[in-house]
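Which chain is which? They are A, B and C, in the order written, and residues in each are numbered from 1.
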Amino acid sequence: ETSVILYGSLDGGIGYQRVRGNDFKATRKGMINGIRTENQWGLQGAEDLGSGLQAIFQVESGFDLNTGDTSEYETRLFGRHATVGLQSETWGRLDVGRQTNIAAKYFAEVASPFGEDFNQASVSTAFSAADVRYDNMVMYQTPELDGFRFGVGYSFNANGSQQYRLNGGGEPNVRAITTGLVYENGPLEAALTYDQFKTPTAVNDQYDEDERGITVRSWNIAASYDFEVIKLHAGFGQTRNGWFSEMEIGDEGLEELSAVDGLKVNSYVAGISAPVGSSGEILAAWTVADARSEGDAKTQHSYSLGYTYALSKRTDLYAIGSYAKNVAFQDDLKATLIGVGMSHKF
Amino acid sequence: ETSVILYGSLDGGIGYQRVRGNDFKATRKGMINGIRTENQWGLQGAEDLGSGLQAIFQVESGFDLNTGDTSEYETRLFGRHATVGLQSETWGRLDVGRQTNIAAKYFAEVASPFGEDFNQASVSTAFSAADVRYDNMVMYQTPELDGFRFGVGYSFNANGSQQYRLNGGGEPNVRAITTGLVYENGPLEAALTYDQFKTPTAVNDQYDEDERGITVRSWNIAASYDFEVIKLHAGFGQTRNGWFSEMEIGDEGLEELSAVDGLKVNSYVAGISAPVGSSGEILAAWTVADARSEGDAKTQHSYSLGYTYALSKRTDLYAIGSYAKNVAFQDDLKATLIGVGMSHKF
Amino acid sequence: ETSVILYGSLDGGIGYQRVRGNDFKATRKGMINGIRTENQWGLQGAEDLGSGLQAIFQVESGFDLNTGDTSEYETRLFGRHATVGLQSETWGRLDVGRQTNIAAKYFAEVASPFGEDFNQASVSTAFSAADVRYDNMVMYQTPELDGFRFGVGYSFNANGSQQYRLNGGGEPNVRAITTGLVYENGPLEAALTYDQFKTPTAVNDQYDEDERGITVRSWNIAASYDFEVIKLHAGFGQTRNGWFSEMEIGDEGLEELSAVDGLKVNSYVAGISAPVGSSGEILAAWTVADARSEGDAKTQHSYSLGYTYALSKRTDLYAIGSYAKNVAFQDDLKATLIGVGMSHKF
C-alpha cells in the first residue's frame, strides 16, 4: 500500500523593504510573500515493502505567491526537492536526486530561531552553506541513535545535468560533498556540518579561468538550549575559497557556488526565542559574516526581530523586522525589511 | 482540520477559425481547446480556525490541451490564481496574491450569457476590464448582505514582481485598483465595477515615453433578468486612455495594460439565454466596442451563438459560432469561430 | 461521480555512460534517472454519464529526478499527455489532445521486452515511430473484440499550436496519421502499426526548402509468445523519407519529425525475457537499424541485457547494460550504458 500526501505552504503579507548605499536609496512598499515559509507544494509517499523497509519519494515545487510564477530562486518544476529512495528504521534512509544539503537539514534550525526562513533574517545570510540544494546527489542518513543522527551526501554535479567528461580533458562537473551530525537530548540540540564543492577543471562558461579547479569548503557548528521561558541559539562557521549560496544586492556580490581563491569568511550567529502566551513567540537573532582575507571588505551584520502568532497548528500570523549593514561585504550597503503576513500549511 | 480540494477543467473539440482582412485570408481547421472553459487545474483549501474564521488558499494553473503546455496567455506555473487569506461569514474575506479583478468576478457573468468564456464570444472582447488578472494584490470582499456584495482590490504592481523605487526617481510599478458591487435578488442580478491602473513614471522598457504616467480607467455596469423561459443580459461600459486586456490580431492592436492617452472606447453588450429541454441551453450575444476618439478607428461588432448540452453536472457538450468585424478597431478585419467540443470539470 | 487519481512514477540510480567515436571518448559516471520508467506525475479521471458512457481525461507531466526540472525531452507542463474524451465499453474511446501514437501504445511492448523504456535499450532506438507524441490529435480506439483492438489518430499539427493557413499559401502544419491493430490471445500477442507525417509546404523555420512537402512513413509489425519459462519477441519495420523520433548523439543525427527525401531504413528487433525466481526477470534484446539508401551510412546495432527485481507490485530494483555501435548510422560511434537503480510507482 502506497500512501501519497499532497502538501504545501502559502505565505503572503504586506511589507516595506529598503536598500541604501552611499549614494542611493531604493524602497519597495507592497505585497511580500514566502517570508515565514517559502511558497511550495509537493507530493510525498511511502510504500511498505515488508521487514520495516519502505520505498519513499518526494517532489516539491516552489513558487511566488505575488505572481503565481515558479520561485525566482527555483524556477524548475520540482526545484525544491526531487528524490526517490529506501528507508528502514534499522538501516536509515538512502535517497537519490535533488535536495537540500545536510547543513540545511541539521544546522540551520539549531543555529538560529529563524532557521533558513524569514528572508534576510535567515541564518543563511551569514552562513554560506546553511541552505543549499544539490542536484545528482546520493544521500544517506542514519536513523536516530541515542539522540544522534548522521548524514552524508555526494553530488555528481551540484547544479544542472551531469556533463560527459572528455578523455584527456578536465572534469566538467561541480562535485560536492555534504555531511554532518545532529544531536538532540531533551532541551539541548547541537549540530556540526561540513560542505565542499570543487569547480570544474574543464573549460566552463560559468567559471572564469582563475575560478576553475578550486575547492570551496565550509564547516559549521551550532547549539541551542531550551530553558522553556527562553531558548538560546548560537553558531559559528567558516567558509573558504568561495561562497555556496547567493549573496548579492543588485549586480554586486557573490553568485551561487562561486569560487574566490583565498577568500576567508568567518560567520557567527546568536539567537533567542521566547514563548509569549499560549500561541505567540518572539524571535531575535544577530548574524555576522567577517571577510577576513579582503582588505576593503566590510563585516556584514544583521539584526532581526520577529513575532509569530499561531491561529492553529497550520496557520500563523507573523511580523518581522530586520536590518543588515555592509551587505555582501560592501561598505555602507544597508538592507531593511519590515513586514506582517500570514503563513498557512496544508 | 484543513480540507484540500484538487480541481480542474478540461475542454477540447474540433473547430474552424478564419481571420480575414482587406487583402488576406487565413484559416485554421482542426483541434480547438479551452473554448467553453479554459483548461486548468488547481488546489483549494480551507481550515477552520474557530469563531467562524477560516484560513483559505487557492492556486490555479492554466494549460493548453492541444500541446500540454502552460497556457499561451498564462505561462506561469499558477498563472490563473495564487492567493492566501482569511475568510469569515461575518467579516468577509481578505486575500493577498494574484487573482482576477472584481469585474471578472462580478460583471462578466451578469453582462453576457457567455461571461468571460467561449473565446471570441467572451464579453471581454468588447469590455476591456471584464477579465483581467493583477499580481501583488490585496483584495477584500464583504459577505453577501441583503443580496449585495462589495469588493475592492489594490495591486502594488499589476504584472510581475514589484520593483524598487529609487529615491528621487519615478514610480516603476503599475499600480492598479479594482472595485465593484454585485446585487442578486431572485431573478434579478446587477453589477457595477470600476478599474484603473497607472503606467510607470519611471523609465520602463514596456512603456514608451509618451505612454508613461497615464491613468487608464474603466467602469462597467450590467444587469440580467431571468424570466425562466429566457434570461436577458445587458451591459454598458467605458474605457479611457488605454486598454486593460489584450486586443490583438497578429501584431496589430492593443497589448495588455496598454496606455493610449485620449483614447475613448464605449462598450455595449446585449445577450439572451434560454433553456432547451432539461439539459440544453441556447446562448446568444452581441457586443460592440466603439472607439469614439479615433478618426480612423472602426466600431468593432461581434455576434455569437452558442449551445450547451449537459451530459452531467460536470460534463457539457457545446457548439459555438461567432463572427466579429472591425476587430481591434481595424477596418474590415473579420474573425470567425465555429466549433463543437466537450468540457469536463473535476 | 468523478473519480480522480493522482499517479506518478520515480526512477533513480547510479550508472556509467560512455560515448566513443574514432577520435574521442566521453564518459559520465554518476546519477542516472528515468531509465526503467520515465519520471512522471499525472491526473486521470473518469465520470460515469450513464448507459456505460464515461467522460475521461488525463494530464501527465514528465520531469528529471536529478535536477527536478521538467524532462529534457518534454519541457511542457503536461508534455507527456493532455487529453479529454468519451469512453464506452460498447463503442470504444475518443480522445482529443496530445498523446503518444498508436505504435507506442500497441507495438513497443510486443516488439521488445524493454518496450519504449530502459533508455538506449528501448525499441525506439531502432524503430523510428515506436515512441512518438503528437499534438492536436483526435484519436479513436475500439474496445477489445475477440482479442483485437484497433486505433487511429489524426493530428492537425504534430508539434506545437496549429498555424493559420494563408489563402493561396502552402500548408504550414505538420499533419500526421497514426493507426494500428493489436491482438492478444493467451500467450500470443501481435501488433501492426502505421504512421505518417507530411512536412509543411509553406515556408517554415524548422524545415529547409528541400525538406518541405515530404511525406514520411513508417510501418511496423511485431509478435511475442509467452512460453512461461521464456517469452520471445520479434519485430520488423520500415521508415521512409525521414525519421520520427530523435536520433542524435551530440549535434549529429536526425531530429524529431525530420525529413530526408529518399532515406530508407529497415529496422529489426529480437528479444527474450525470462522470470527468475518469484520476483526477478531477465530481459535481453538486439535491435538493428539499416539505412539501406545511404552509401556511407553504417548499420546501427544495439545489444541490451537487463534485470528487474520486484520489491512489490509498485517498486522494482533494476540493472541494465546496453551497447550500441554505429549509433545514428555513424561509422564507429559507440554508446554504452551500465546502471542500477530503483523505480517506484504511486
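Note that in this section a residue touches a chain if its C-beta (ideal position, glycine included) is under 8 Å from a C-beta of that chain, and two chains touch if they have at least 3 such contacts.
Nothing here was measured: the structure is a model prediction, and the numbers come from that model.
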Classification of the chain A:chain B interface as same or different, half of numbers criterion: different
Chain B on chain C, rotation in degrees - Cα superposition, rounded to nearest 5: 120
Rounded Å distance, chain A centre to chain B centre (Cα mean): 40
Two or more partner chains touched - positions in chain C: 6, 77
Residues of chain A defined as touching chain C within the complex: 2, 4, 6, 43, 45, 47, 49, 53, 55, 57, 59, 74, 76-86, 96-98, 135-138, 156-157, 160-167, 173
Touching residues (chain side chain B, partner chain C) in the complex: 6, 8, 10-14, 17, 19, 24-31, 33, 39, 41, 61, 63-70, 72, 77, 311-312, 314-315, 341-342, 344, 346
